[in-house]
Amino acid sequence: MDVIWLIPILPGIGAAVNGLLGIRFFSKAQSAAVACGSMGLAAALSIYAFVQLLGSESRVHDVVVATWIPAIALETVDGIGAFAVDWAFRLDPLSGMMILVVSGIGLLIHIYSTSYMHGESDAGYARFFCYLNLFCFFMLTLVLGANLLVMFVGWEGVGLCSYLLIGFWYQKQSASDAGKKAFLVNRIGDWGFVLGIFLIFFTFGTLDFREVAAGAAAMPIETAEFGVISLICLFLFVGATGKSAQIPLYVWLPDAMEGPTPVSALIHAATMVTAGVYMVCRNAVLFTHAPMVMTIVAVIGGVTALMAASIGLTQTDIKRVLAYSTVSQLGYMFLATGVGAFAAGAFHLMTHAFFKALLFLGSGSVIHAMNDEQDMRHMGGLKTFMPVTFVTMLVGTLAIAGIPPLAGFFSKDEILFQTFLHNRVLWILAVATAGMTAFYMFRLMAMTFYGEYRGPAWEHGEGHDAGEDHSDHDGHGAWHGPHESPTAMTGPLMALAVGAIVAGFVGIPAALGGGNAIEHFLEPSFTVEATEEAGPVAEAAGEAEEVHEVSHAAELGLMALSILVALGGIALAHRLYIRRPELAEAWRARWAGAHRLLLNKYYVDELYQSTVVRGTMSGGRGLWRFDGRVVDGAVNGTGWLTLASSWCSQLFDRYVVDGAVNLVGWSASESSFSLRRIQTGLIQNYALVMLLGVFVFVSIYLLVR
Amino acid sequence: MVDTIVIPLLKIAILLNAVLVAVSYLVLLERKVIAFVQSRLGPMRVGPHGVLQPIADAVKLMTKEDITPARADRWVFTAAPIMVMVPALIVFAVIPFGPEVELFGRSVPLYITDINIGLLYIVSVASLGVYGIILGGWASNSKYPLLSSLRASAQLISYEVAVTMTLVSLVLMAGTLSMVGIVESQRDAGLWFVFAQPVAFAIFFIGGLAETNRAPFDMPEAEQELTGGFHTEYSGMRFALFFLAEYANMIVISSVATTLFLGGWLRPFPGVEGLAFLDLIPAWIWFVLKTFVFLYVFLWIRATLPRYRYDQLMRLGWKVLIPIAIGNVIVTGVAKVLL
Amino acid sequence: MAEAFVFYGLAALILGFAVLVISTRNTVHSVLYLVVNFLLVAMLYVMLGAEFLAAIQVLVYAGGIVVLYLFVVMLVNLKRPPETHQDPRRQTRLGLALAGAVLAELVAIIVYSSTGESVPAAAPAEAGMVEGNVEQIGMLLYTNYLIPFEVASVLLLVAMIGAIVLAKREL
Amino acid sequence: MPGDEVSAMKADLPSPMFDTTEMVLNMGPQHPSTHGVLRIVLKLDGERVVDADVVVGYLHRGIEKLSENRDWTQIILLTDRMDYVAAASTNLGYCETVEKLMSVEVPRRARYIRTILNELQRVASHCLWLGTHAMDIGAMTVFLYAFRERELILDLFEEYCGARLTYNSMRVGGLPLDIPPGWDRKVNEFCDIMDSKLTEYETLLTHNRIWLERTKDVGVIDGPEAIALGLCGPTLRGSGVGRDVRKDEPYAAYDEFDFDVPIGTRGDTYDRYLVRIEEFRQSLRIIRQAMDGLPEGPIVGKVPRLIKPPAGETYHAVESPKGEIGFFIASDGRSTNPYRFRVRAPSFCNLQGLPRLVRGHLVADVVALIGSIDIVLGEVDR
Amino acid sequence: MLEITTTHYLVLSAALFMIGVIGVMVRRNIIIIFMSIELMLNAVNVNLVAFSQQWQHVVGQVFAVFVIAVAAAEAAVGLGIILAFYRNKETVNIDEMNVMRW
């Protein structure tokens, strides 16, 4: 377990090799081998580490690789503190789960990409894998970091990789714009995160999570006033909203779909966007000490979930639907953390990683099959063409809709249950979201796989000639119609489908006879010390446990309700898009206004455009005008004054100053004629002068003393 | 009074005589050894098997006319042989031939003095020997001697660097500059330093060959090229001094090598108890034996190898030996820190 | 007593050879006197209990630097005597006079200022001082004076490169 | 050589570290490694040879002129004193030239014995060369070893003709003496000894690092240039030119024996060394073959008591250990003296190459190169 | 006078230094001038070592080591310059080294 620092380093090495050598020298197979090999090793190490973690008594393992910032004296609230940061990695249940998710799914997506990206040039291929590996390096650093600064390195690194990968097809204007947008929006969140880090150091004098948690545990819960912990949490949450695409900073995520689909799956569904959730979970103790911020988190999470789900109802781009779905599910996770169910949030994070990665990869497979067509209106009926993709995606869809016994059911239900206990209004929002989720996901399935084929025609005759090269899927040759993807793509799909089915079994709630193993497993990560019965958190947990015990019946009822809601959504989608498609048209016409609102994503982009962007622009313009009128006027006035005074001074200058200067020059040139004799070129004459000086000094010394 | 003045003076007198006799017999030894290598007999006429040959040589050299070239710098020409001989002899002051022994009821150390910078002293004094060579060549006012004296001095200075570097690694091992201290540290380690520092030993040996202008580095005196080297114009006793100084230097190098690498007066494998019977042989005899092994190898090499060319010699010194010696110092230092 | 004799003897020899260094016509002889002078100074160092420095003096000065001088003297193979041309403007006499005056003044200052304290130079040295001479210097060099030491090594490197560049015939 | 060429060559040379003015160093005529009274005036730049000027003539005795006043048999004595380390080869060359002038048939036995003597002579000469060459480079043991073996050959010659250096061992038309009884056995014994000793020399030198450094790439000269400079013998063959009179224009009994002509590849000192070492072996091979197949019969052909060749002139060359030694003899047909007598001395021709070889090398290489071209001053100056 | 104090060494050093100064002032052979400078540096070293002895602290010797290092550097570069100069002007007379004047 001491080698956990190797887990991030391995993909880092892969990135370095691919980046430094691969772009120039490697063939596709070589760069893919390097990338997948390093990821595979990292995944193997992760599993090894996780197994060891399971087997060991202690639930926390720290590995300090090196000193990063040696102790620097810095002001804190308790006087001068030592600002020292180590390259420290920490393996505990939370990060253990995360490295499994990141390296496992990362590996699958690497494998998937070897086929998906095959159309790139050799250099582009190597560049892609370099970025992908680099991303894994940073992501693993992020989850394994034992203090905020190491985490921040990973945090910024994944932001960078996200930028690079969204803009991977940088020749495309929309892609590079989307990259920039993601980058800039994330900066706003990072600003909050950095402020949070500053404030944490200032308050606790350390950046180590556990020390911070211990420090926070010693402080009272800020129920009444909005104190420093609340401020810290608010700042951190701002960071989380940026990274995890929550209101108001979610706008970048749908645009990020410009990147290659494996990237969307890995970064913008499974791993990076969950970093915000992860960070909040990491600082669970802090957040439990700031109930007001918890409320804010919960509300924002709930609202985001609902809003994104509603937008998802009408989108037609297959990837955008999934993107809004992601935003919505992230909202769920925040909702969970906001109501104090960190374990439920983390659980949902994990299950979501599986089924959302699955869905994205499936959509990638579809897009691949449809020759880069992303609009669902031009698909349909693909069920027959690509059975594997269909089945796996169906699994994913059922999982996300919350149909038991698939993964999504357990995690989502846990969240719903916890929310129900905590706040009924939010619960209603969440249930509505669940229904919408089921609906739009089946809408997606319906539009893609069922019904008539609506896509462009292809040349039937020659495309399937026996002599023709069947592996030619990569756009180099003519498109021969929708087809099943190669094994390298379907393999990960199937693996993920299995994951989406079984991942939930670790968290079967007590009400269904399970032990809710994951919650107990993750528990140590959310408390101060496993041994220490630290007051509030443990109490809260105990309380929750109590409620839990009390309301088994209620829980079962709620479960039934949510299943019903989901089934209702599915049924509606089935009715609208499979059985009676014309009904969808009618509904659209009936609620045209609402439809347009949703189609245009509540006009949020436009709102930002007209407020933030326009505001900035006009502010800048106003400043420019101020500059032109007032400042320049002042400057010009000063200039005029200067002119006037300089005319006076030049008279003085010309006659008095120049006269003096000329006098100096004249005297120098006159005297040099006589003085240059001193420069004899005889070194000994110079030495003589030095000696004379010594003589004078010694004489003075002798006489004076 | 006896301890501070008489005994040291006695020791100095004995040592000087011993060294000079050893030097003259070393000449005979060389002639004999090389003759045997070349399937000849060597000197046979003076005394049985030529054992009195050194005396005959000495008489010959002393009675020979002592020529000073007309345009030579008389003063320097006379001083040069002395300047070669003196450093070669005074180095022996710090060489320990044996530990303290009981002699006539007194505890007498078998060395003239043991100073705490003994090794540095040897290096410093040895570096003065070059003057005699340069000045001898210069004062002769002749081209061949001048050329070869420049060669010799360049050779000496170059190889001194490598040799000194090996000494540094040795000092790192021993932790002292005192010659006696170095021997004692070998005793304490139970190991001759030649086994701990084989590279240093090889470099020291090669450098020693070069510093004494011995084959295969004897080009300052290569008679085929330079008609005899820097002492071409010398004759008689002054030539003899040059000649003796060269052999004295061989003994110096051998005894320094013995002290530093072969455990000085220690018996072989000083750490192995089972060989304790070897201690029956007096310590100073061990020392002399080891020194003679060295001298024999010197002669043997001379009989075997051709001569390096000047530029090849310089290349060997600067581009091979010095880098290796520096690397050896680094390795030794690192090992010393790590172990 | 004995020490005084040794000191006066050495001092006389040192000064005498120094005068010879600067007064001899023949440059090679001058270099030789310089060597002797340095060796005598090394003996002075031994008297002062600085054996390490004495060894360094012999090794570096006598064995190294002066050999370099000797090489240069031999390479500068003069076709005409070096001191023929004399510039009339060099104030040699004035220099001599000034040097003498400064010497007198210095001696006056030293003697005058030292009468009060009279710290015997040959005070019985502390055991550590004499015994661990090399060790102490090494400790100081590699701890307190590490940076000057490294700078000195860089200086020597620069000097070495500079000398090679200067001595090469064409750059 | 013209001045501009010298300066052009100087520009090519790497500049030595210290500048000294160009120094003229006089090597010889009393210098131990010039193999006699050769004088070489070296122009040095530091230790590097810029140019060399070979001065010959210190041993000039006027042998060619003297010969015009001796009768044909007396001249054999003079030829002994040209290449005094290989007198038999010179004898042979002269006698065969006169026989060619007179069209005398030499009996087969005489031709065989001549070949044996000639090859023994080659081995002896090469022994001397090897010893001195190694000595010049500082390997003095080889010198004594080589002389030890040369001594055996001198003993053989002494037994055959009574002389150890100047043999006077041939006559026009044949030989003065038949081989003494038991001599053939001794020669065979010698061949066996020599074989093992050759291995000894090679052990000491051929793979010795210092020897390689001293000889490899020193004095490189390629075949065409060597021919242009008139080099001959092993010196030429070291440059890869397979010219050997024994093979190309067989004389004596060489056409009846089986032997190889070793040649070098790079033309440096090391190659010349290897060529000569191999020639040792080939000579022994020839001697063994000749001893085995020694025919019976007379040792002198039909020659008049008073030798008086018919008027005419002729040139004939043989392969001496040093190279191709040629005799040009003109007879007026009336007197008992040659009208004109002229020798193409291989040492002299090879010496022409020396300035070319040493240019750019160090002084120490000069002696190595003198050794490597194997000259004898008695032949150079005549 | 029979007790040798630091003062004695200082006087010796001063005298040695002044002999060096006189050498620099008087001689015209630049090599000898360099040697005079070496004499002066030696005088400084004598001072340093004498003080080191007086205060029983080796720091004076450490400084003397540095002085020797500097002297070595000075000699190397200085002699290099002399050689380069000699190559061009065939002289080592300092009075002829005045090309850099106005």
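Of note:
When the chains are written out, they are named A, B, C, D and E in that same order, and each has its own residue count from 1.
Methods note: contacts are C-beta pairs under 8 Å (C-beta built on N, C-alpha and C of every residue); 3 or more make two chains touch, one makes a residue touch a chain.
Computed from a predicted model, the values in this text were never measured in an experiment.
Annotation of chain A and chain E: jointly contacted by C, touch as defined at the top.
Distance between Cα centroids is largest for the pairing of chain B with A. Of the two chain pairs shown, B-D and A-C, the one joined by more C-beta contacts is B-D.
Each chain's centre was taken as the mean of its CA atoms, and the one lying most distant from chain D is A. Centre to centre, using the average C-alpha position, chain A and chain D are separated by 91 Å.
The centroid of the Cα atoms in chain A and the matching centroid in chain C are 71 Å apart. Look at where the CA atoms of chain B average out and do the same for chain C: the two points lie 29 Å apart. Separation between the centroids of chain A and chain B, computed from CA atoms only, is 76 Å. Shown for chain D are the residues in touch with two or more other chains, namely 18-19.
Taken residue by residue, chain A touches two or more other chains at 680, 682, 684, 687-688, 691, whereas all remaining positions touch fewer.
Under the contact definition stated at the top, the residues of chain E that touch 2 or more other chains are 21, 25, 83, 87, 95, 98. Every residue of chain E that touches chain C in the complex is listed here, in rising order: 1-12, 14-16, 18-23, 25-29, 31-32, 34-36, 38-39, 42, 45-46, 49-50, 52-54, 56, 58-59, 61-62, 64-66, 68-77, 79-84, 86-87, 90-93, 95-96, 98.
Of all residues in chain C, those touching chain B in their complex are 26, 28-29, 32, 35, 51-52, 55-56, 58-59, 62-64, 67, 70-71, 74, 131, 133-134. The part of chain C that touches chain A in the complex is made up of residues 87, 89-92, 94-95, 98-99, 101-102, 105-106, 108-109, 113. Within the complex formed with chain C, the chain B residues making contact are 73, 75-76, 79, 115-117, 120-121, 123-125, 127-128, 130-131, 134-135, 138, 146, 150, 153, 157, 160, 177.
Chain D meets chain B in the complex at residues 23, 25, 31-33, 47, 134-141, 144-145, 148, 204-205, 208, 210-211, 213-214, 362-367.
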